[in-house]
Amino acid sequence: MSDTRVDPAGGFSIESLKANPRQARRERLIRDSLGATALVSVFISALIIWSLFSEAWTFIFEVDWGSVWDIGWFPRRGIYDIKTLIVASLIVTGIAMIVAGPLGLGAAIYLSEYARPGVRRTLKPVLEILAGIPSVVLGFFALKWIAPNLVETLFGGPAAGSLLAAGIGVGVLVVPLVASISEDAMKAVPMALREASSGLGARKVMTTMRVVLPAAVSGLMAAFIVAISRALGETMIVFMAGGAAQTAVYTHSALDGSLTMTAGMTSLARGTDNVVGEGLTFQSLFFVGLVLFALTFALNLIADRFVHRVREQY
Amino acid sequence: MRLQKLLVLIIGLITTFALVAAACGNDDDDGAAAPSTSEQQSSGSDAQPAPAGTVSGSVTISGSSTVEPISVRVAELFEDVQPDVAVTVDGPGTGDGFKLFCAGETDISDASRQIKDSEAEDCAESGVEWVELRVGIDGIAVMTGESNPVECVTFNDIYGLVGPESTGFGSWSDAGSLGLATSDLPDADLDIYGPGEESGTFDSFIEIVLEDIADERGQDATTRPDYNANADDNVIIQGIQSSDTSFGWVGFAFAANASGVKLLDVDGGDGCVGANANTIASGEYPVSRSLYIYVNKAKAEASPAVSAYVDFYMSDEGLGTAVADVGYVNLTDEAKGATRANWAGR
Amino acid sequence: MAKARLVGDRTNKVMVQAMERRSTDVRGRVFQISLLVTLLVSLFILAVLIVDVVMDGWGILTGRPGGFLGGTMRSLSDDPKLGVHQALVGTFWIAVFVAVLAFPIGIGAAIWLEEYAPKNRFTRFIELNIRNLAGVPSIVYGLLGLFLFVNHLEGVTGGKSIASAGITLAILVLPIVVITAQEAIRAVPQGLKEGAYGVGATKWTMIRSQVLPYAAPGILTGTLLSMSRGIGEAAPLLLVGAVSGRLGRDSGFFDFGDINADAFMAMPVIIVEWVQNSGRDPGFAEAAAAAIVVLLVFVILMNATAIFLRNHFENKRG
């Protein structure tokens, strides 16, 4: 070994504790390349913002704003009524939350407060499997099962897809999300609070409703906001089961078919060949994308705040 | 151990990039699906004497999105008997198809109308000789609810009901307010159902019925936007069934089997004609049009793949089965004979 | 020996009554049962979904499983050559892109964030940024792919190609890989790390010999979850141009040349395509259901493995 750090005469100095320069170089190289991989995410964010803005910009400056507030979404003929898409998105999101709120929260309370460990160990993975179901599958289910079996028979709506069918489908999609974040939030409530409540003679219902839920409220808020953001951004279910093709007349009835922001983009982008070069049609895609991105970004930031509050408290 | 695995992954990453870069270098000449834009070279390899009945090579087709499904269906059936031929079919539109065709970039052009003089000149300039083959008929049924008293509509009526100037009209009688000569239409609610903008039937309907009137009046050739558009023909039929005074249109093959709807007679200038397979095949029913393919003669000569494909197109499996499979009306036997004679006598 | 009374007679009586009464907490029971019902509704939906899909696809899956897996896209649903082979090839390549791009970069970023990053504003910014990326709707990634890989980098990716789709989905799952890997690395006990330093390990040697092996199951769980997310995603693929209609080419799994050839198909997209076709040809609904079963087999297998792995190691380590 040509390692000269240790004096062959047996002397052991401060020099011998220093890393050998080759090793130090290697350590630095590894640190820097790992750092570079972490920067990739920043780079990706920049790319997303660049791609959205560079096309949306053209749209914002060149569009006749009268066509952005009109009778409906007809991008191929220059009518870009954004309120049609936003209202449909809100309807779908609202229905999704009406479905997912109680189901997700109920499941979370049960798993966190009531279920015996064995039961929990079996039920939780099943919920996680539900979370992993691809949205095309739920889209198929919403169109072929929910629309004819629930929407038509219970609400008298069309069997061929509607905002209601899509909303229920999206609700099913976000149930596991609501459940898992809410459950985490309730698990984070210290056991001492529950014990104190029981010690004062409160029953389990009382402890759960008056102690655990209020203590976990930040996390529950986060769960709902993340779910809303996810529902707004959900694409395939609304595209497949929303009951409209390529264009939509403005509607605020959940039993009609319409296009949400995401479904509008998807139907427009299928066969993008034909979109390029027809006025601002191609750019409108990125304008809607930018609106959606801004909305979900704001929601995610708010949810992030709530999550942090939970961490700080306990 | 872990480091080694990480290294393997990183090396894999680099190799993949290298492969991607290498593959895009010779993008145009690998992959069976690459369009044979280099006609002479590709036909050189195609010209190898093919062993008994099997040929290889590629066929490139572009043009009308209305005809596209027929050519696709023929390609599917053809590849079952000639698996070494790769057929690519695109549907950018009849006009774009002819641009590519006359520039020699495609072997066959799908067209939902006959070639225009200006397009024919382009072809002549670049020395592309072609043969025109009529392959089928596209008929569109115009429908309403079963108990609607209206029996027959003219092109002017249809323009007044669904044309670009009728946006917001809620009653049949509003159609008369455009100053066009229309029939006496009732003052009844107007609910409109039809295919969406991406559909070939949507384009056909505009080109056959609305385009001429819209041009005359200086309007865009399109429909009013505010109607119930759907990609699912069943949904359109259900919509029309749901109201007595609805109005709508779908491809004839689909409407023919529907119940609970009334197929309207249409007056294209020569009196009211009802839609059925005979009146469509004979061209009497006005909301119909012939569909064509145009074959580049030189390419058919040079490439056994192209000529074999067109031969197959001309067989009963092509003009008969494939055309009916995708929902169009078959030519009469006479007309089929004429088409085959055109191909044989090229 | 007389017991000392702690409370007076009246109080004693009330307490004895309260303790001896068979308590029927009706409200509590109702509450608990309604909670259980909400959970069971979710599970019931999952069951209905799977039964519905399997029943719809049963005919094709049992009738001609080989033909379906080896077949291609066709115009008619009753065509015996109808099948998902092209889509399987596309999804296979997307998975390769995700594994080759997202896994190393994501795990690398997680190691840096947990072990190297200084605790400052910039690090917090990166972490916030990654959490936000995880919440960006998938269709926005599709817009990125359309703008960047399909239009601007056409020369490299070949436009609407499997390469564009693969890179787009790798970017989409990257934040999930980072976040799950971070959690796994964070769970490594401090003692293990200090032990390694104590015997003179450098930082990287410590990470390699202690942190990564301990965190490996957690990291693997994260990669499996993100892979199953990646192969099930459809929206971005529709934007980066998965074909609708006919895909003339049916490549083998290892035809590298077709990675950047124009047009491709993938499992989630073929499902959308067939669902849309079912409007004019109802038989396509069965084909779509059969394709869903094929996709679900992969996705559920991956998820179940991931969940099992995580629970297994969680239990083992208490």
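The first chain written gets the first letter, and so on, giving A, B and C; residue counts start at 1 in each chain.
In this text, a contact is a pair of C-beta atoms (placed from the backbone, for glycine too) under 8 Å apart; a residue touches a chain by one contact, two chains touch by 3 or more.
What you see is a predicted model; the values in this text were computed from it and never measured.
Asker: Thinking of each chain as a vertex joined to the chains it touches, would you call that graph a line, ring, star, complete, or other?
Answerer: Shape of the chain contacts: complete, all pairs touching.
Asker: Count the C-beta contact pairs for A-B and for A-C, then tell me which is higher.
Answerer: Here the pair linked by more C-beta pairs in contact is A-C.
Asker: Centre to centre, by mean C-alpha position, how many angstrom separate chain A and chain B?
Answerer: 40
Asker: How many angstrom between the C-alpha centroids of chain C and chain A?
Answerer: 13
Asker: Where in chain C do residues touch two or more of the other chains?
Answerer: Chain C, residues with two or more chain partners: 104, 108, 276.
Asker: Quick check: what residues of chain B touch more than one other chain, meaning two or more?
Answerer: Residues 230-232, 234-235 of chain B each touch two or more of the other chains.
Asker: For chain A, jot down the residues that touch at least 2 other chains.
Answerer: Chain A, residues with two or more chain partners: 270-271.
Asker: Would you pull the chain A residues touching chain C in the complex into a rising list?
Answerer: 19, 23, 26-27, 30-31, 33-42, 44-45, 47-48, 51-52, 54-55, 102-107, 109-111, 114, 121, 123, 125-130, 132-141, 143-145, 172, 175-176, 179, 203-205, 208, 226, 229-230, 232-236, 239-240, 262, 265-266, 269-272, 285-286, 289, 292-293, 296-297, 299-301, 303-304
Asker: Inside the complex, what are the residues of chain A that reach chain B?
Answerer: 71-72, 74, 76-77, 79, 158-160, 243-247, 249, 257, 267, 270-271, 273-274
Asker: Would you tell me which residues of chain C are touching chain A in their complex?
Answerer: Within the complex, chain C touches chain A at residues 25, 27-28, 31-32, 34-39, 41-43, 45-46, 48-49, 52-53, 56, 104-106, 108-109, 111-113, 116-117, 125-126, 128-133, 135-144, 146-148, 150, 171, 174-175, 178, 202-204, 225, 228-229, 231-235, 238-239, 241, 244, 268, 271-272, 275-276, 285, 288-289, 292, 295-296, 299-300, 302-304, 307-308, 311.
Asker: State the interface residues of chain B toward chain C in the complex, per the touch definition above.
Answerer: Touch list, chain B to chain C: 1-3, 6, 9-10, 12-13, 16, 19-21, 23-24, 27, 30-34, 68-69, 72-73, 75-76, 80, 86-89, 91, 230-235, 254, 325-327.
Asker: Enumerate the contact residues on chain C facing chain B in the complex.
Answerer: Going through chain C, the ones touching chain B are 74-76, 79, 81, 96-97, 99-101, 103-104, 107-108, 155-158, 163, 208, 212-213, 216, 245-246, 248-249, 251, 255-263, 276, 278-280, 282.
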